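So, here's a batch of structures to check.
Next, two complexes with subunit A in common: one pairs it with subunit B, the other with subunit C.
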Partner chain A sequence: MDWVFLSELAINGALTGLLYSLFAIGLVLIYKASSVPNLAQGGLTMVGAYVVLALSHDAGLPLWVAIPLGAVIMFALGFGIERVALRRLAGRPVVMILMLTLGLDIFLRGTTLAIWGGTSRSMELGVSYEPLFVGDIFVSRIHLVGAAVTIAFFVAFMLFFRTRTGVKLRAIADDYMASWSVGISVERGVGLSWALASVVALGAGVIWGEIQGVDQSLSLLLLKGLTVAVLGGLDSILGAVIAGLILGIVENVGADFLDPLVGGGSRELIVAAVLILTVMIRPHGLFGRHDIERV
Partner chain B sequence: MQEKVEAQPILSMNSVEVLYDNVMLAIKGVSIQVPKGEMIALLGSNGAGKSTTLKAISGLLKAERGRVSRGEIRFNGTDITEMLAQNRVELGICHVIEGRRVFEHLTPDENLTAAAPTGMSRSDLSGEKEKIYNYFPRLAERRNSLAGYLSGGEQQMLAIGRALVTQPSLLMLDEPSLGLAPFLVAEIFGILQKINKEEGMSVLLVEQNALAALEIVSEGYLIENGRVVMNGTAEALKSNSDIQEFYLGGGEGTDFHNVKHYSRRKRWLS
Partner chain C sequence: MFYRLSGVHHADYVSDTRIFKLPADRNLAAFIFLFGLVAPFIIPSLYLNSYILPWLIWTAAALGLNLVTGWAGQLHLGYAAVMAVGAYSAIHAARFGIPWEFALIIGGLSSSVIGSLFAFAALRVKGLYLALTTLAMQFVMDWVLTHSPAITGGSHASLQSPTLALLGQDITSDAGYYYVAFGWCVLVTIFMLNLKRTGLGRALVAVREKDFAAAILGVNSFYYKILAFATSSFIAGVSGALLIATFFFLAAPEQFSVNVSIQVLAMVIVGGLGSVIGSYFGVALILLVPGLVNGLVVAGSAGLGTQINVETLAHIPNAVYGALIVVVLLIEPLGLGKLYGNIRDYLMVWPFDQLRK
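What follows is the complex of A and B.
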């Protein structure tokens, strides 16, 4: 057994996993507010990447301006989605909201295709691809940066949910009717959740755009992001982070064992197995809340 | 009905009709007045239209695809019939909805925080919380545990406390006694009476438990099938023979047994 190699697989798996978590945090924010997994989170991630590209490459702004400005644009886009589309669905079955997010995803992909075309473009964040060795272990710098971004978002949200606005958002996640009854603006809260999830999507879009190039396939990150969110419990940000670590490690280490046996493609099988087993064995995920039952 | 020579009522509801889904007529011309600083009861059996009446006043109808299709509702003289629920809370109307509905995954302290008006300063909020914990000492003890794990009585106290944070001048409660032991009902009603006296807050209390409600209010309305069928002082209602028979459990009529039977069956089904 090569322990150095195994730890390298595990560590890089964990870093990749945290990048899935970054994506999943956006899903969790919207699930808390709207009670649906946002099928457009992949679309938003892709749009986030394109917005930064448009501001930096096309408009010539430096990245340190383009990224915050892009975040503001995404924030407004998230609010706009609630105002224009979601508000009309208030009181309708949740499955209708789910279908709306699917439609939104298709719409976003079509729009970016129409504006920027389908050729893959590179993000050019300027992160070095020189190998970085920690002891004997090789790690990718961009993954390290991405993992740091994930942790930063995680800490920021943990603090945010303790503020008064954050507490109001958690109240909305608990009970719309009770929230209205004490004058909480549920609509604004849902809008804010979408806005924050869109900003997270920009973060994920920039990092993943750097790793795999910017094109419509960024929206396919939804599959792994959703798996992580479900494993974490759909409504827990901490759950999303831990589940990302788990999926990343299991996928990277597992694939190394399985690929020689099945001749490649085992990553997808592992992700599928995690998703299906979670739903079957532990539908509330690792950290999802059950409805409280008192005896 | 007495002559209206006294001060303007805090709430006046005139011939209000409510439609759900544009077809289901739930209340049919209900008129109710709440004089400033008074406690008024709205009594009636299941399905009579009590909750619908409160939702029409608080603006929560909209969330259930209901609307006021006739009549008007005035609060301190202002027409609020079409106002957003949120703005009515700002004006001073708060509705403690049926079934307690505390924010279960928040602590009692956070429940109170969530209900704080946006403009309320941090120090005003903590002052407000202390006042509420003084009224409800049981809540103070459990302020940092999850609200979902509180007992039924504690949850009802929290629901009332949460409404008080919005600083209402009219507090409306929808069956706060439901499912609570008599000693808890007495405790909660006693506290309501105390708040009413100390702060001059007007109260509109919806109850099926007429016996307990008529002990603390000055006046009551009886609603049946979406219509007000009786209105009078608490004393007058208590001595009314129909009320005694059907709502105070004094008679041995079949209705009384039906009610008992129904609640027993419901427990099995739930």
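What follows is the complex of A and C.
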């Protein structure tokens, strides 16, 4: 057993896992506020990446202008989606809401590709691809940057949930009927959660766009993001971060063991297995709230 | 106006348990059935085999998913995987030399067995978590299909379907394929129409509304959930096999990928949960309209004298398909079947609407 190699796998897996967390945080934000599983997060991530690309490459803005401007656009887009689509289906059975977000996902993907085309383009963030060695261990720089972005988002949300608006969001997440009765605007809170999730999607889109190119494969992150969100508990941001670390390590190390046995491509299998096992054994995840159903 | 009724009034139980409560509905169904029988003589075979035939087979498949999602209330995002099981086992059986009649039944039964595995997820969780589990199972099935050359010939390979033959007759003509699809769709439709008249259908609805409450009333929700999954998987398996045998002729793993699962669910939900006529509308809308819109865009751009990027054109159907789902759900969350029902109920008593108000 080569321990250096194993720890290299684990560390790089953990960094990739934190990038899954970045995606999952968006899912968690919306689920927390409105119990809506947002399957359109993949589509939003793609839109985010393309918006930044359009602003920086097509319009020629520098990245430090393009990304904040993109965040503002995504914020408005998230708010708009909630206002136009989700609010009208509030309180409907989960199957319809699920289908609505799937429809949104397909629509966002189709529209983005119809406007900007499907050829893969690179983000060109300017992060160097020089290998970085920590001791004997090789670490990818862009993954390190991405992990830092995830941690930054996580800390920002932890602080945000201590502000007055954040407390309102927490109240909505806890019991929206009670929040309504004390005068909190639940609609605006849910809209805000969509807007924030869209901004997170932009972050995920930029980082993943740099890693694997901006094309429609960005929306394939959905299964991994969902697995991370479910493993961490669908309503826990801390859970999403920790579950991301776990899934990243399990996936990277497990794929190394399994690939020679099954002839490659076992990553998807591991992710699907983790999702199935989580739901079967502990549906509310590691840190999620366990709801009791009454007849 | 069309119905000349003042409302639906049942005087005895027999009339209450009829499939078609209105003579006009029965006549309409009989007319459509007859039209379906003579369609090959009226409709050019291009339209018959490239639009109507897939529409009929997908409708049969969607009705199967409607059984488990609309009637039994269990979310299922792995339906295409179950169809794949049926398609591959039927084709392998047929290639092995088993007559097609039995090959189709083998396909259906093997789908039932695999589909019942999905039911074990349904016994533990429901709602969103069930959807996620079945989605994960779909990914597992995709992976198995693309990584087992023994079944599919590997990820980029395709499997040729042998010539379809039923009752000793080789079926090779366009009309023949159409009649096979038509017959299967009619069978499934009759089954689904009768479902709500049986104890099974009522038990499924009870499980859908609240499985705990159904259990308290003595409905074994465990048993009925498995039964619903097994039955719908049988329909899925045979539909998948027929789809390959009469439409694609080649089986490839991409034909049963996760997108197809989402597409069938979209057909069912856009059509209306638990609505038989709705499934016909939903399949037509999801399957045919994106292509039509693309044709309109091409014609429109040619008319305006502008040139549309090929890549843009390739992605417009997808955008339209997503938009259709969103728009239909926003207009009427219960789907096209409910819209049809509203119009029908309005016209039913139209000049004399003492039923309403």
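What we mean here is this: the second predicted complex is superposed on the first by the 289 of 295 C-alpha atoms of A that agree within 3 Å, B and C clash if a C-alpha of one lies under 4 Å from a C-alpha of the other, contacts with A are read in each partner's own complex, and residues count from 1 in each chain.
One rule holds for everything that comes next: contacts are C-beta pairs under 8 Å (C-beta built on N, C-alpha and C of every residue); 3 or more make two chains touch, one makes a residue touch a chain.
Owing to the predicted nature of the structure, the values given are computational and were not obtained by experimental measurement.
When the two complexes are overlaid on their common chain A, residue A:260 makes contact with neither subunit B nor subunit C. With both structures placed on the common chain, the touch criterion links A:164 to subunit B but leaves subunit C unconnected.
Touch counts on subunit A: comparing subunit C and subunit B, the chain ahead is C.
Of the two partner chains placed around the shared chain by superposition, subunit B is the only one that A:91 touches, whereas subunit C remains out of contact. Residue contacts after overlaying the shared chain place A:107 against subunit C, while subunit B stays out of touching range.
In the superposition on chain A, A:179 contacts subunit B only, with no contact to subunit C. Looking at the shared chain after the overlay, A:289 reaches subunit B, while subunit C stays out of its contact range.
Residues common to the contacts of subunit A with subunit B and with subunit C across the two structures: none. Listed in rising order, the residues of subunit C touching subunit A in the complex are 69, 75, 121, 124-125, 127-129, 131-133, 135-137, 139-140, 142-143, 146-147, 210, 212-213, 216, 262, 265-266, 269, 273, 309, 311-312, 314-326, 329-330, 333.
Of all the residues in subunit A, the ones that touch subunit C in their complex are 37, 84-85, 88-89, 92, 94-96, 98-100, 102-111, 113-115, 117-119, 223, 226-227, 230, 262-263, 265, 268-269, 271-273, 275-276, 279-280, 283, 293, 295.
Partner subunit A is touched in their complex by these residues of subunit B: 58, 60, 63-65, 85-86, 88-90, 94-97, 101-106, 110-111, 113-117, 146, 148-149, 151, 162-163, 165-166. Across the complex, subunit A meets subunit B through its residues 90-91, 164, 167-168, 170-171, 173-185, 289, 291-292, 294.
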